[in-house]
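Input: one structure, supplied below.
Chain lettering (A, B, C and D) follows the sequence in which the chains are written, and residue indices restart at 1 in each chain.
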Amino acid sequence: MSKTNFRADIVPILFLTVVVCISVIALAYVDSITYEKIETAKLEAFKEKLSVHFSDMTDFTSNDANDCYVVFTDNNTIGYAVKTIGSGYGGTIEMLVALEPTNLSSTDDLILRGLSVISHSETPGLGDKITQSFFLDQFQEVSFSGIELSKTGGDIDAISGATISSKAVINGIVSSIEDRFDSLVELVSSVEVS
Amino acid sequence: MSLFNNEKSHGIHPPGNKITSNKKIERVPLPKQVILPLSQHIGAPSKAIVKKGDEVKVGQKIAEAGGFVSVPIHSTVSGKVTKVIEMVSSVTSNVGNAIVIEADGKDDWVKIDKPSKPNKLSKKEILNRVKEAGIVGLGGATFPTHVKLQPPPDKKIDTIIINGCECEPFITSDHRLMLEHGEEILKGLEIMMKVLGCNEAYIGIESNKPDAIENMEKIVSESNISGEVIVELLPAQYPMGAEKTLLKRILGMEVPIGGLPMDVGVVVQNVGTLKAIYDAIYDGIPLVERVLTVSGAVKEPKNIISRFGTPASEIIDYCGGTNSNANVMIFGGPMMGIAQISFDTPTTKGTNSILIQKNNTEVEGNCIRCGTCVENCPMNLMPLMYVAYVKKNMYDELKDYWIDNCVECGSCAYGCPANIPLVQYIKVGKAELQKRRPK
Amino acid sequence: MAEETVDQKRLVVSTSPHIHDKKNTKKVMYVVCLALLLPIIGGVYFFGIYTLLVVLVSVITAITTEFLAKRLRKREFIMDGSAIVTGMLFALVLPPRIPLWAVIIGAAFCIAIVKEAFGGLGHNIFNPALAGRAFITVSFAGLMTSWIAPVKSVISLDSITSATPLGEGFSYAGSTSDLYIDLLFGNVGGCIGETSALFILIGGLLLLATGVIKWRIPVVYIGTVFLLAWLIPGQDPVFHILAGGLFLGAFFMATDYVTCPMTAKGQFIFAFGAGVLVILIRVYGSMPEGVAFSILLMNAFTPLIDRHVKPKPYGYIPPEKKSRFPLKKKAKTTDVADKPDQDSSTDKKEGKK
Amino acid sequence: MVHILKNLKKGIINENPVFILLLGLCPTLAVSTSIDNAFGMTAAVMFVLISANIIVSLIRGVTPDRVRIPVFIVIIATLVTIVDLTMKAFIPELSKSLGIFIPLIVVNCIILGRAEAFASKNTLADSVADALGMGIGFGIAITIISFFRQLLGTGEITIFGTHVFSAPGLFDNPMSVFILPMGAFLVLGCLLATLRYMGAIESG
C-alpha cells in the first residue's frame, strides 16, 4: 500500500507540472508583448470618450479611484469630468459627465458641458434612447441645479415611454456628483499646486 | 381543510333515467337453452362435475368450487348437457369453459334441502349453506359471499353496511327488490349479523328512492332487530354505491389504500345478496336466478327476473325488442357496465342490468388540464396523470399517483370535456403494472 | 321478427362509461368567447372602431396560424375555438392604436411558438395571449407604451397620447371617488380590454355562473393584491385592484385551464403567488403594470405546483415522519405501536354517533 | 487523404457542433447579436480549437491517462488567454463586444470535447482536419444565427462597418427581442425545428 508506484503516481504529477510550466512561460511571454499595447488601447479609448466633449484636449489626469478627471490643453485646464453611475431599468448605466472649468466652491456652481453614456443595459428601442443625441444634447450647458425632469421643474425632458431610464440618468448624475464632489475638488487643487 | 378539499363535490350527478322504478318485477319465460360459464365470480373458476349428455334438473350442482375463493354453480333449467364450449367471459374478456344445457321445458327441481328450523342453524351450517348455494355479491363485483362472511380472526367485524344505493343510472333492480322483498332482505341481514356476530348495521339508500326508504324503515321498525339497524338516507350521487365511498359516507371512515372494508371492521353487502342468502337459508334454494333491469333503447323497459345463462336476446325480445338505432348492449350500468359483443351473450350472476344504447363515442381530444377529473374522482386521485403516463409508457410513475386506489367508476371520463376515455387508459396502466409485478 | 333484427345487428364495443356529460372543450371555449365580447364592446366604445379591427385581425391571424401550424405538423385541424379565445385575449391586452402588422406578428407568435411548438392545445406551458403580449412588449417597446386617452366615440380615429393610471401613479386630477368611478367604467387610458373593470367583471361572472371557471383563482388573486396594497403604506388598495389589467388577468388569463394548477390547493398557491408578484412589480419593480408577468411567472411554476400539491387520496395513510431527533422518535413510535389502528377508527365512529 | 476530407466534412455537416451536437451553445447564443461578433468569435474559437487539437494530438502518446483532462484544460486555458490578450491589444473594439465570452471559450464544450473525443486518439493530420471542420461548422452556425438576429433585431445588415442592406419595414420598427438573449433561443429553436422538419436532423 505505502509503496509508491513511480509510473502510476509520480509521472502524471510531473507531466502536469511540466505542462503548467510551459504554459506559464508562454503566457508570460505573450503578456510581455501585449501589456503595453493593452494599456495604451484602454487609455486611447477613454481619451476618445473625453474628446467628444473636449475636442481640443491633449491630456488628462485622474485621481486614484479613477472616477474624476481634469482635462488639459497644453497644461491649461479646460474642464473636468466625472464618471457617474445610475441604476436604470435593466441594470446600471455608466456615464461620463463633462463639466466646465468653473469655481468649485459648491456643487451649485457646476455647469455641465455634456453627457455621454459609457455602458448601459436598457431595453432596446425604448430605454436605450438615452444614448441618442436628442436626449443627451439636453445636458449641454445646464447648471447642476437644472438637472431635473421638466415635470418637476428642471431642464430635462424625459423620453416618452422610458421615464424610468430618464430618471435613472438624472438621479445617477446628481447622486454620483454629490458623492464625488470632494474628491474632484481635491484632484483639481492637487493639479493646480503641481 | 374543507376549503381546499371539498369532499361533497367529489362525485358526479348523471341524469338518473330510472324509467323502470315503478315497474313490478316480471318473470321471463324459461329459456330454450342456457350457457353457464364456469367463471361467473371473482376467484378460481368452478370445476365442472357434469359431462356432455348428462340429464340435469333445476338447482342441481353442475360445477363445484375451484378453491376457497370460489363457489359452485347450479343448473338453472332442467334438461340435458349438450356440450362444453369455450367462450369469452362477458366480464373479464378471458376465455373460459361454459356448460351448455338444452332445456326440456319441464322445469323440474332437484330435491330441496329446506332446513326445518332456519333460526336454529349454527354459524358453520349457515356458512356451508351459503357456499353450497353458490352465492356471490350480486351488486356486480361477484365476490363469493361465504368468504366475506369469514373474515380472518384478527379482523373483528363490528358493522355491516347494506348497499341499497343503486347509484348507476337506469338500474332499478335493487330498488324493486327493496320494495317487493324487503322482509326477505331484512331476514338475510339478520342471518349475516348472526354469522359475523355484530349488532350494528346500516342500510344505505339514495334519496331518489323515497318509497324504498319508507318501505325499509317500516320493515325495520316492525322487526325484532329494529334497534340495531339504521336506514341511512344518502344523497343521490354517483358513485355512492361503491363500497369505499359508501363506507366513508355512512361511517366517516376511510379504508386504507389497498385495503378492504374488513380492515376497518366493516362488511358491505348488496341487498340482492341478502335476498339470495334468505332464499338459501330459509328455502334451501341455490342461486339460479336474479332480478335485473332491462332499460335504455328497448320498446318496453322492465324489471325482470331470469335464470342465469339466458341469452340476452331472449330477455330483450320479452321486453319488446330494441329500438332501431340501438347498437350497444351493456351488461351493468352505463357508468361501469361492460359492452357486449353479441346480443346472444348469456347473463351471469353479476348481470344486474341489460342496457341498450346507441353508440355515442366521440373523438378523443387533447387534455386541457381543466381538472374536472380531479374534482370528480371519489378517491381523490388525479386521473389525467394516468393518461399522460400511459401514453408515454411510463408505467412505474403510475404508482406515484396511487393508481391501485382507482375503482374505475368512470366519473373522470364522464365529465371529461375532451372525451378522453380515461378508464381505458387506467385499465391499460393497471394491467401493465400487474404484468411487471414480481411474482 | 324482433328476433331477426336482434341477431343480425352488429354491436359496438367501447369501454365504460357509456354515458357522457354534455360539457365539451368546444362549448367551454365558446362560452369564454361570449364572455369576452363584453370587454371588446367596452374597448370599441372607449377607443373607437379601430379596436374592433384589431380584435378581428388578431382572431383571424390566430385561426390561420393554427391551421397552418397543424398542416405543417401533419395534424388534423379542429376548430375547437381555442384559437379564437387566444386571438381575442391577445387583442384585449394591446394598446388601442397598435399598428395591425404588430397584431399579426404577435397573434402568429402566440399560436405558432407558444402553443403549437409545444404540442398544441393542452400542452403549452405559458398562456399564449400573455406570452404573445410579452413578446410584442419586448420587441416593440415603443409601440406597447403609447397609450391614448379614451375617445368615447365609435368612429373616431383620434389619438391623444395619455398615460395609464398605473403609469401615472396617483397624479390624478380630481377626487378619489371620481377616479374609482372612471376606473370602474373604463374611462381611462390603457389596453383595449382592460380599462373597464365592470365589463370584465360581468364577463367573469358569466364564466363563473356557467361553471367554466372556479371562484378560487380570481378571488384569491384579486384578494391578495387588495390585501397587500392595503398593508403597504402609501398604496391605495381600491386603486390597485381597479387599475390596469388585474380583473382581465384574474378572470380570463390566470384561470386558463392549461396553464394553471388543477387542484384546489394548487390554485390557491398559484393565485396567491401571482397576487404577490403583481404588488412586487407594481410597487417595487420598475414597470407600472405587472399582471401579465405575474401570471407568466406563475405559469412557469404550475408544473412544479401540480407535482407537489396532489390531493390526498382516499384512504391515504401518511408515512411516518422522520424526526430529526432520533431519541424522541423512538419513544413516540412505541407509544403508537401500543395502540393499533382499530382504536383510532372506533374513535371516529363514536364521534359520528 | 479521403478520410481527412471526411473528417473535415463531418464537422461542417453530419456532426455540426451547434445544430446537431448542440455543443458550445453558451457562446453561440450570447455573442450572436451581430455578424461582426460571429466572425470574431469564430476566429477565436478556431484558433483555440486548432491549436488545442494540434497540441493534444502531438502529446497524445505521452499524456498519462489519469491527468488527461487537467492537461487538456491547462492547454486550452493557456491558448484562450493568449487569444484574449492578443485581441485586447490589437482589436480592442471587438474584444469589448465579445466581452466575457472570450475567456469563457475555456469551458466551451466543443474544444474540450474534440480534444478528448478526437484529438487524443487520432493523428495530427486528422486532428487538424477535425478541428478545421468543427471550427467551420461552428462558424457557419453562429453566422446564420447572428444573421437572423441582426436582421430581425436591427433591421439592417452591416459587416465590419459596411452597410450591406436594410429591410424596409423592419428598419423603422426593429424587433428588438431578437437582440436580447431570448431572441437567441427563439432563432436557434426555429432553425433547429426547420432543419429537423426538412430532414437534415434525424429525429431521435
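Observations
Keep in mind that, in the parts below, a residue touches a chain if its C-beta (ideal position, glycine included) is under 8 Å from a C-beta of that chain, and two chains touch if they have at least 3 such contacts.
Keep in mind that what you see is a predicted model, and the values were worked out from it rather than measured.
The chain pair B-C and the chain pair C-D differ in C-beta contact count, and the higher one is B-C. A simple rule picks the central chain: find each chain's mean C-alpha point, then take the one closest to the mean of all protein C-alpha atoms, which gives C. Separating the CA-averaged centres of subunit B and subunit C is a span of 44 Å.
Centre to centre, using the average C-alpha position, subunit B and subunit D are separated by 69 Å. Subunit D has its Cα centroid 41 Å from the Cα centroid of subunit C.
Contact of a single residue of subunit C with at least two other chains is seen at positions 138-142. Across the assembly, subunit B contributes no residue in contact with two or more other chains.
Under the contact definition stated at the top, the residues of subunit A that touch 2 or more other chains are 123-125. Subunit C contributes residues 2-3, 5-7, 9-21, 23-25, 27-28, 78, 80, 82, 120-123, 257-258, 262-265, 268, 310-317, 341-342, 345-346, 348-349, 351-352 to its touches with subunit B in the complex. Subunit A makes touch with subunit D in their complex at residues 8, 11-13, 15-16, 19-20, 23, 26-27, 30-31, 33-34, 37-38, 41-42, 45, 123-125.
By the touch rule above, subunit D contacts subunit C in their complex via residues 169, 173, 175-178, 180, 182, 186, 189, 193, 197. Subunit B meets subunit C in the complex at residues 3-6, 12, 14, 156, 158-159, 169, 244-245, 248, 251-257, 259, 264-265, 313, 316-317, 320-322, 324, 326-330, 332, 334-344, 355, 357, 359-362, 365-372, 374, 377-382, 384, 401-402, 405, 408, 410, 413-419, 421, 423-424, 427. Within the complex formed with subunit A, the subunit D residues making contact are 62-64, 66-67, 70-71, 74-75, 77-78, 81-82, 85-86, 88-90, 92, 153, 174, 176, 179-180.
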